[in-house]
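Chains: A, B, C and D, in written order; residue numbering restarts at 1 for each.
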Amino acid sequence: MVGELTESQLLRWIPLLPLMAAAVHGVLLGVVRRSLPRGLVIVLSCGAVLVSFLISFVVLIELTAMEGERVLIDNVYTWIGAGRFSAEVAFLLDPLSAAMSLMVTGVGLLIHIYSIGYMDEDHREDKGFQRFFCFMNLFMFAMLTLVLADNLLLMFLGWEGVGLCSYLLIGFWYADRFNAYCGSKAFIVNRIGDFGFLVGIFLLFWALADAGQAAIAFRDVEASLGAIVERTVTLPAWLQFLPGAPEWRLTTVIGICLFVGAVGKSAQIPLYVWLPDAMAGPTPVSALIHAATMVTAGVYMVCRMSFLYAEAPGASALIAWTGAITAIFAATIAIAQTDIKKVLAYSTVSQLGYMFLAAGVGAYSAAIFHLVTHAFFKALLFLGSGAVILAMHHEQNTDKMGGLRKYIPRTHLVFGIGVVAIAGLPYIASGFFSKDEILLSAYLAHHVPGYMALYAIGVLTAGITAFYMFRVHFRTFFGECRAPDEVRAHIHDPKNVVLVPLYVLAFLAIFGGYLGPSEAFVPIPDANSLGNFLLPALTQEAHHVAHSTEYALAGLATGIILVGILLAYLLYVRKPELPGRIASSLGGFSRAVANKYYVDEIYDAVIVRPLVAISDVVLYRGIDATVIDDIGANGSAKAVRSLASNVFKYLQSGLAQGYLFLMVVGTLAIIGYLTW
Amino acid sequence: MSLLFFYLFAAIAIAGALGMVLNTRNTVAAALSLVLTMVSLGGVYVLLEAYLIGALQILIYAGAIVVLFLFVVMLMNLRQEEFSPQRQRVTKIAGAVIGFLVLLQFLQLIHGAFGEPAAIIEGFGGYRQVGAVLFTDYVLAFEATSLLLLAAMVGAVILAKRKID
Amino acid sequence: MLVVVIIKLLFIFLVIVAAFLPILTWVERKQSAVMQDRIGANRADIFGIRILGLFHPIADVLKLFTKEDFVPQGANRVLHLLAPVIAMVPAIMGMAVIPYGGVYRFGDLELNLVVADVDWGMLYIFAVGSLATYGAVIAGWASNNNWSLLGAMRVSAQMISYEVTMGLAVVGIFVVYGTLRLPEMAAFQDQTFRLLGFVEVLGLVQTLPVWLDWIRLPMWGIFLQPLGFILFLTCIMAENKRPPFDAPEGESEIVSGYHLEYSGMRFGLFFTSELLEIPVIGMIVATLFLGGWAIPFLSQETIIGVVTPIFGEGFATGFCMILHVATFLLKVIFLIWLQVAIRWTLPRFRYDQIMDLCWKMILPLSIVNVLVTGAVVLFIGGLQ
Amino acid sequence: MVPIEHAIALSGILFAIGTVGAITRRNLIVVLMSIELMLNAVNVALVAFSRLWGNLDGQIFVLMVIVVAAAEVTVGLGIVISLFRNRESVNIEDVSLLKW
């Protein structure tokens, strides 16, 4: 059904090149068991990513050059064909995926380059360097497949692929058991989400096929969605308390199922717990996978399915509220963290919350906009923190830092830029425009229950964000240095291969916002180019609002942000002893915050332990060991053996003619039975 | 005419077979009566328009296989089968019964099962046509049999060698 | 038609069996004598007339008939009596499919000078030849004598082995002729080919100059398949268990092998069958390799075409027929001479030598021959 | 014109005789010969069928059967020889060691 669209054989190479590079690495490491020289590894991996970056640039230009409907398609081959159901391996390039792929490849390229410097030191010996790049390329492949996928199944393939790669890369330093543990934690938590995602996919396909038009590709689904919009499902008795019970629209159910997947992948409440632990991986990994690209897959998916969510107000509201709550929740946790990467992790969670808030209130373009800017400055922040960590010889605790601006001025500069960007100061920060757009659309989202509350939470979170980000920055770079002397002796700015990507990202972090500012702030026609570019790919109604309102909202937000910054300045530069006293005065609450509200512990007690217990006692000892092994396998074997050794062995008389005799008799019997 | 020949050959074949099976004293004589069967079967094939098969039947069975039997018999120079008389009657009876049953079932199976033979083209069963079929449709089977023969050769050599060196 | 068949049969029996056979013994003696610089048997006389000892065959026959023929004790009587006959039959049967002349038409009567013009003639010959084993084997086993038994075993092994190689040796000629039918083969050889034709085939030149076309050879098997000729001759001579391939009856090792226990005319039958196979072999080889009845450079239509204007067509055809038969017999006689010469030239091979010759020399060579022939024929795309 | 039914009947008779021989006779060589006989019976049937349908596949099968028979005889006789060499007997009841 997608036949009549413009074909472009180029698309397939965007994901394919990284895959090829990964395959080469994999074969060399896994089969040949020899690692390439460092230079070749770099050329291969970074080259692959670079080329696919260029390709995505080219196709973007091709896309913008098209008039009318801007869609490119690349049918590679039929992946699964069964009757009316046929899933193509096809890649789709519309404004949405174009922006995403460009962002992914671009940031990915920068981080690849950065990794050359970052991964250089540790374990050249056990081929770790090449292994790292193998995984990275594999991740690029999976992520690009996810982004460019033409149908939900292929997207799910990429979805799983990125999950796998994140697992591999979190546990990259597998020698340390804790890292391996974190990897598996991330993987398992993701699985929970993926389950919901899969259910959603099947539900959607089933419903469509049931409505008589089996469609897989997004466009076909969108076209034939009308067939199931009116359909409703009856909730089971134990769910009657839910709003809108007893009858829910099927689209809502599907939307919620899919969103469960997004929650898992994008670390929203309640499945966010894996992301902070994912920081166990190398910092470039945290930057690429757990800040810039993979964790935003959920947001991307929601925007990709915007036509569905437009039909599912319940699901949208759920998304919005989940996002908002996650945002503020994670932000509060971030206040009390001392580990620099942990802070960034929680801020990532919170920013993702922002994106979901936007997507929930139907401002998908705003979500994507924030996704892009966030990718820029969060990658910058992570890489900056990575530079700091390198300088501090793998010390991540900000308690041991401080006053580093004297030692590593360049890092201090770029990190500061990132902080400003995420805090969202007007005009000098990309965060400002995107965040402001989100807040605006939340303020205007009258169709979402309690939208004012959402708006309030958003503004408040903005303030908190500014506060803790500056807190980290001050604690790291200002005050007097708390590092031990022998460490302090060697603190220096990292090599250029590390710094250059930082500069580029810093530039993007400042000016990335001008991709799509609202006309209110940049009074030129079609200022919001990104938004207008994305709009045809999304299902959202543009909102028109007086500029005065926008100024007011922006002013309010900026004011709160400034308050947060000021607070941080007071507490951590003027009076560094104050925070301790405040914490002690707050007592239990502060402890709870410091311990992330004990969420991990609660999960452990409520879910993990019972699950383990049940699996061990019932499933393993009871079913597997007893029923299957003893009764099933061994039992049948024993039965056969005893029967054979007591009865049938006497047929084995050793006389060939006896066998022949029996054979003939048997044949006669069979033929006789068949004929007479 | 051909019908007459057919019954003649059939009679010889059956007689030879019986002679082979019933002659318990003399293995060589048994083998020779088997030769009779083979040769007359060759005649039967020719009467059934399978000329190549007929020639090959005589060439291979009568000319090679049975000679091989004779060769082995002579090699071991068995004149009499020394039998232990017990169980002999039982087996004989059982065998006779089984044979009779097989025959009975077979005959009742084929009784009136076939109509008139189909019309055949010129040169049916000649080496040209059979060869054509053999080397086009059945070439794979043909190659497979060559492998089989190789395996049989090796096996025979290994088995019959006094000591493998 | 029946008359024709009977005439053919009579021809076979009278000419080949009745005429050749007695003379063959004499030929053999005389030739050996010549080769060994002796006079040879010349004493038998009737009323003092002794024409080069031509009466010796008669004497031999009389002797054989009058000798006592006995069956040794403990022998299997029936088989012992049967064996010589079985030995004799295939030799005669083989002649049924051999053409001793082409196809001639007198008005409406068409004369095809072969007893049984069957499509699968060569297969028939092989089949019959494979039965020739039995006479010797049965004889050796039936006469209850260890020497005979050894002889029989040697016969069986030797003949089975050589059947295989014989079959392979002629595959090449089958490929060239594209038929198994002996009259066709003979007719095929009744033409000539340009000796330098391969130059054109190789594409070295477009067409040869005309005067080179006159360098021609009769298209005989021996020229098309020289290697095949040698191999086939060897094999078929080994099939007929005469020296140098007479290990089965090697007097010096196993006292004349399988017919040790035979005497009188039944020994005579064995002896005769061997002798009789000499002309049969001659016929087969002549038909396969020496152009059968074909006269080199004078094809049938040429002869008829030349003679007809003078004496009329009927006479021409008859003349041509007679010429052809004569040529055929001439070739056969030549081959008989060749065989006898070989027989008196070479000493008896050892048994293992015979087997090695078969399996280690002839078999690989004939396989190579088949491969090369097939390749060439494929290359040329079938001779014109 | 040979009636197909009779040809098949011939093959049936031969097969039965072969079966009897293979079951009752105790001389290994004779048993092998009986098996050969059974194979030949099958061949007769195949040829008869190929004549019946005017289709050459049956004759191809016969060729295959002949080849298989040849291989079987070679190996079988090889076994018989080595057996005779080791136990001075070809009585099939003397080789019943492979039992419970």
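Assume a contact is a pair of C-beta atoms (placed from the backbone, for glycine too) under 8 Å apart; a residue touches a chain by one contact, two chains touch by 3 or more.
Keep in mind it's a predicted model, so treat the numbers as computed, not measured.
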Relative to chain B, largest Cα-centroid distance belongs to chain A
Which of A-D and B-C has more C-beta pairs touching across its chains: B-C
I'd like to verify one number: the distance from the centre of chain A to the centre of chain C, where each centre is the average of its C-alpha atoms, in whole angstrom. 92
CA centre of chain A versus CA centre of chain D: separation in Å? 72
Chain centres from averaged Cα atoms put chain B and chain C apart, in whole Å, by 30
Roughly how far is chain A from chain B, centre to centre by C-alpha average, rounded to an integer in Å? 76
Listing for chain D: what residues touch at least two other chains? 19, 23-24, 26, 93
Residue numbers in chain B touching two or more further chains are 52, 56, 64, 68, 75, 91, 94, 98, 102
Considering chain A alone, which of its residues make contact with at least two other chains? 657, 661, 664
Name the shape of the chain contact graph, picking from line, ring, star, complete and other. other
Residues of chain C touching chain B in the complex: 76, 79, 118-120, 123-124, 126-131, 133-134, 137-138, 140-141, 149, 152-153, 156-157, 159-160, 163, 180
Please give the residue numbers of chain B that touch chain C in the complex, ascending. 26, 28-29, 32, 35, 39, 42, 51-52, 55-56, 58-59, 62-64, 67-68, 70-71, 74-75, 77, 123, 126-127
What part of chain B is in contact with chain A in the complex they form? 91, 94, 98, 101-102, 105, 108-109
Chain D partner contacts - residues on chain A that touch it in the complex: 649-650, 652-657, 660-661, 664
Give every residue of chain D touching chain A within the complex, in rising order. 19, 22-24, 26, 31, 92-93, 95-100
